[in-house]
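Lettered A, B, C, D and E in written order, each chain numbered from 1.
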Amino acid sequence: MTSSERNRLKDKAFQVFGVFCTFIGLIVLAIFLIDIIQKGIARIDWDFLTNLPSRRASRAGILTAWAGTLWLLVLTAIISFPLGVGAGIYLEEYSRKNKLSNFLEINIANLAGVPSIIYGLLGLEIFVRQMRLGSSLLAGALTLSLLILPIIIVTTREAIKAVPGSVRDGSFALGASKWQTIWNQVLPASFGGILTGIILALSRAVGEAAPLIVIGALAYVPFTPASPLDEFTVLPIQIFNWTSRPQEEFVTNAAAAIIVLLFITFLLNGIAVYLRNKQQKKVKW
Amino acid sequence: MRVSEKIIEGLLWLSAVITILVTIGIIWVLLSESVAFFSEVSIVDFLTEKEWTPLFADKKFGIMPLVAGTLLTTFIAIAVALPIGLTIAVYLNVYAHATLKQVVKPMLEVLATIPTVVYGFFALTVVTPFLQTIIPSLAGFNALSAGIVMGIMIIPMISSLSEDAISAVPRSLREAAYGMGSTRLQTAFGVLVPAASSGIVVSVILAISRAVGETMIVAIAAGQQPRLTLNPLVPIETITTYIVQVSLGDVPHGSLEYRTIFAAGITLFIFTFALNNISFWIKKKYQEKYD
Amino acid sequence: GGGGNEAANNDLAGSIQIDGSSTVYPITEAVAEEFRTEAPDVKVTVGVSGTGGGMKKFSRGEIDIVDASRSMNADEDKVAKSNNISYIELPVAYDGLTVVVHPDNNWVNDITVAELKKIWEPAAQGTIKKWNQIRPEWPDQEIHLYGAGVESGTYDYFTEAIVGKSHSSRGDYTASEDDNVLVQGVSTDPYALGFFGYAYYDENKSKLKAVPVDDQNDSNGAGAIMPSLETVKDGSYAPLSRPLFIYVNSKAVSRPEVVEFVNFYIDNAAELSQEVGYIPMPAEKYKEQKQKFQQFATGANASAGKQ
Amino acid sequence: MKLEAKSLNAFYGDFHALKDINIAMEEKNVTAFIGPSGCGKSTFLRTFNRMNDYIDGFRTEGEILLDNRDIYDKNIRVDELRKEVGMVFQKPNPFPKTIFENVVYGLKIQGIKKKSVLEEVAEKSLRQAAIWDEVKDKLNKSALALSGGQQQRLCIARALAISPSVLLMDEPASALDPISTAKIEELIYELKNEYTIVIVTHNMQQAGRVSDNTAFFYMGELVEYNKTKTMFTSPKDDRTQNYITGRFG
Amino acid sequence: MKLEAKSLNAFYGDFHALKDINIAMEEKNVTAFIGPSGCGKSTFLRTFNRMNDYIDGFRTEGEILLDNRDIYDKNIRVDELRKEVGMVFQKPNPFPKTIFENVVYGLKIQGIKKKSVLEEVAEKSLRQAAIWDEVKDKLNKSALALSGGQQQRLCIARALAISPSVLLMDEPASALDPISTAKIEELIYELKNEYTIVIVTHNMQQAGRVSDNTAFFYMGELVEYNKTKTMFTSPKDDRTQNYITGRFG
């Protein structure tokens, strides 16, 4: 075999291995989804979505859990959106290269890597105890907001960076001030990217159980929250609770709730991917 | 107008600076409780004792077993995720058709968004029994199965971020390599991967950091038995598991037992902090290489 | 004042906050659920922060009722007193802590309390490692231990009953707050020995083998006793059957919805506890509890009225 | 003089990009800046409307005078300056908005909202930029859907809409096809009647066709500045000679 | 004929980038491709070593012959082809490795490991590329530390090391300063004795200085192909005439 034949063979072999690895990932994902769906899909019906929690697996529903999850999502979005986008804009458009901006940048990179459970400890101490919010939706939303803030900041910066300098130049050259340029040009042009980042961040928040357990979210809440100061439960906690029940039927419930949770996560991700693709198609610089 | 510009800038500055407050908050919360902890437990014992039994009558405060458990699961996860993730990255970038890449990449990213509680039960009820058919001596709770599943979870971190890094290698280098008659494999590992190495290293470090901080998978599937061992077949306990275990239980606020979670927490924080810093500096240092 | 006036129930409103033991949680959840049909406008929330976590909140007056899988300890009582909180303890059901092994385990057919102590006491750590150290005829194999999380009421009770001192055991076992995780562990490990609540054994009988326990005291049944509804209820499954409690805050009973709820709880505890996998107390015991609570409620309200 | 630079030096951090430049440009004249890549043409052009302000580490010494007022003076407001000095860039850079929104952007940010005014100005500027006929039926379509040449004329219209007196153009035709290029050159020729124009170009022939005066830069220095005809027929400096005969660049 | 294209058409998806091109290039000759931006010069150049293969949606019709063999034939191995047809790019693109590693890269991927062989070839190619004296003392330094002009010559050396018979160059001097440009032109002049060279350039004077034949492309068509001298003095086509006199582009 000549060396170039050998090289071609290796090339082909790696290609096969690459397909194999990619498929491992996809197959695990498929096994996963099929396993859960088999266990739980039959359990999902209108009653399951609208019933209150119950000791009887067959009567138990997830109304309060998904309502709590949605509440938490909306509140988290409201809190983290202005903070994250504001910080992203500041770092990308205003901050000069100096010690502070450098420090901010490394600090944000660090926060992005802090384990979620530590955010739980922070939320417990600051929001639940010091600010006396108790185990309320607001305390949960604040905790999750801090958790996803770094993700939003980083993606906002990426989205803003993708707006070509020529657009900024164009605006400045027509006499626009910095903020006018940001507001009229940069933000509209990067909005899709920013939104994508926020949705991805929220889809991370939606699956979090550990920090909410630490701040003391409840298990049995037979009413949907009416205000941010109400107590709440969320889907991951409901799932966790059900998986720790002795009766086998609750495992089915848990699987069904997992399907709903995955549905929400996929929906959010789907929207994000859609927005990203749309943005890429629409604006070709 | 000048004034309103200033006010807006101020507000934006404020939202950026809040991130510093968050860090200060974390450090303060962790420190204030752990300072009290270390006034009762010597830091030397904490670092050198070989047993961790703070909740039992005979209390020992050696963090090493938890650290060993954390490192063990993390190592297994990376051993799974690095070769697979990197292969996928290279395959998608160099071999796969653009549309295949566009479809597969987000699908793989789904792996990282599945709630970790779900992964935990998958490890415990599917992976462990399966592995036991191959390794009969495998315990019901073990670092191996938790580590493998965690590895699967972080595959997309490595594959996506590495693929991005490889994509960012200037076209000209790729063309230079092809232009000399390289095969795709030679181009990938001779030129692209070395050129993208900083980005790849960053992705791996971030994946390590994620694995170190991962909680629910190990809490459910790796056991809750602090043990100074590198044997992947037996139950162990990680730092995060310990924290969640105590949070789920009912340790009275203010007791020494309660403070242990902050001592464990600060250890965890230092680990991830160091990893994130390293990755940040690597990224910074090599970012401008091609510009 | 209290009293089961059916007609008045629809007028009841307000909210009741309950927290505490994960063991008692299913019973309280069931009661709360049924109570919804009685008094739809009363919002009952139930948290799971463990007996100790619940006690902590209870003794600070943050919640109305605490679920407990053990009695309140002296420290907790002191805090409650200092916060001017008096309370009543009401047992609501029994649980039988069940000792289990893998179904393929053909050597363990019974075990004594002394043997359990030998396995679990702190001194066993690092020394009792093999089955044949407990009984010589048992195999020369490692023993793998599974048990409740150290910070649970279940653990407290088990150590108290077996080792003789609460919160005192060896540390080298797999501990989990989630009993299903323990079930999974024991059912996949031929050399396992574990303990957890009766309900978890009852639901997983096919995957587990329960071990009869001999307390070597013939006054409550001779020989090794198998846990079951009857043996727990009649007290012969000793010492591992334990009462489960709720505690009610004296200030809370000034609110009619709380009184109504607690009455409802006692009335229905027998049926509901069995439904969720626990063992009801004898009927006369519930009657006793109800009287006790009636007195407590009127007493508390009277003294509150005087102030 | 409309525009003047006096002993102008410019720096990017430590890098000395412009070295002691002295030049004066008359009103309603077209001046072409030529020179090899990296010689500082763009840098110099951008000092006239202070577009370099946002670059970290950039600073100038000396003076730039517009109508005899130093534009780097503290009392000068950059936004006012830029209404006076319009700019067109190398690559067409329309905003990702409608054609109409693009043209009236400069007015809108000045706070002018009246529809009739905006429409009037839009039409006038688009006509001046010789693109009205091509776009009048699709003013509400995205500007990104236009061809490169149309986009560039739109950018010129956008600059004209705020009625500047000076127009800076940095290689405005280098990304365009020959036909579009011809149109832009024609346009410059017409605009000359009303505006003072400074244009950077790489194309010697283009400089010859459109400009009255030409300035040749080399490595940050202004080597030669003269009537375009004179410069192209009898350059004084060897470097100019070499450059315009294509010896390098 | 060394290189030939017969009725060559090329497409990027639906876009028809090259239209029915017929051309034949002799051995040891320099051919220059000129034409305005986007006319297809690079696309055509890259068909000679099939560098377009990796672009999704790119396809060709017709034939490209190297030594009378169709290089788009199924039996042709692309990697072998590229050893025969070397390429130098517009922007110098050394690998981020040492100078030595850069030069011997092509040999190493062929499996040649013997140090003495590698060193010998490295010296020879670096000498041929007229850069040996400048780098001989720092062969183990990073190639990125060289100046742009040196990097470009290193890239030429790298291409020569695998001893191709054809050298494709896509605007090899456009990113370089005048002095480096002169060096590269000199080098091309010398390499002509051993190699068949095709060079894309925007600089008419450069084409005039280095090439034997010139091909003028316009909007995907080969408008005119002739001896360089003839072409520059008496072009046959009006478009050629307009282009070389700088009417557009």
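We take it that a residue touches a chain if its C-beta (ideal position, glycine included) is under 8 Å from a C-beta of that chain, and two chains touch if they have at least 3 such contacts.
Chain-to-protein mapping (UniProt): A = Phosphate transport system permease protein PstA; B = Phosphate transport system permease protein; D, E = Phosphate ABC transporter ATP-binding protein PstB.
The structure displayed is predicted, hence computed values, not measured ones.
**Q** Going by the stated contact rule, which chains contact chain B and chain C alike?
**A** A
**Q** May I ask which two chains are joined by the most contacting C-beta pairs?
**A** Comparing chain pairs, contacts are most numerous for A-B.
**Q** Cα centroid separation between chain A and chain B, in whole Å?
**A** Chain centroid spacing, chain A to chain B, equals 17 Å.
**Q** Taking the mean of the CA coordinates per chain, how far is chain C from chain E in Å?
**A** 83
**Q** If you average the Cα atoms of chain B and of chain E to get two centres, how far apart are those centres in Å?
**A** Here the centre of chain E sits 47 Å away from the centre of chain B.
**Q** Chain A: which residues touch two or more other chains?
**A** 7-8, 177, 243
**Q** Residues of chain D touching 2+ other chains?
**A** Within chain D, no residue contacts more than one other chain.
**Q** Can you list the residues of chain C that touch 2 or more other chains?
**A** Only 49, 177-178, 181 qualify.
**Q** Any two chains that touch count here, so list every such pair.
**A** A-B, A-C, A-D, A-E, B-C, B-E, D-E
**Q** Which residues of chain C touch chain B in the complex?
**A** Residues 49-56, 75, 122, 125, 144, 149-153, 165, 167-178, 181, 184-189, 192.
**Q** Mind listing the chain B positions that touch chain E in their complex?
**A** It comes out as residues 97-98, 170, 172-173, 175-183, 186, 190-191, 194-195, 289.
**Q** In the complex of these two chains, what residues of chain A are touching chain B?
**A** 7-8, 10-11, 14-15, 17-19, 21-22, 24-26, 28-29, 31-32, 35-36, 82-84, 86-87, 89-91, 94-95, 103-122, 125-126, 146, 149-150, 153, 177-179, 203-204, 206-210, 213-214, 236, 239-240, 243, 258, 261-262, 265-266, 269, 273
**Q** Which residues of chain B touch chain C once you look at their complex with the stated criterion?
**A** 51, 53, 55-58, 60, 124-125, 128-129, 132, 139-141, 220, 223-227, 235, 245-246, 248-253, 257
**Q** Which positions of chain A touch chain E when the two form their complex?
**A** 3-4, 6-8
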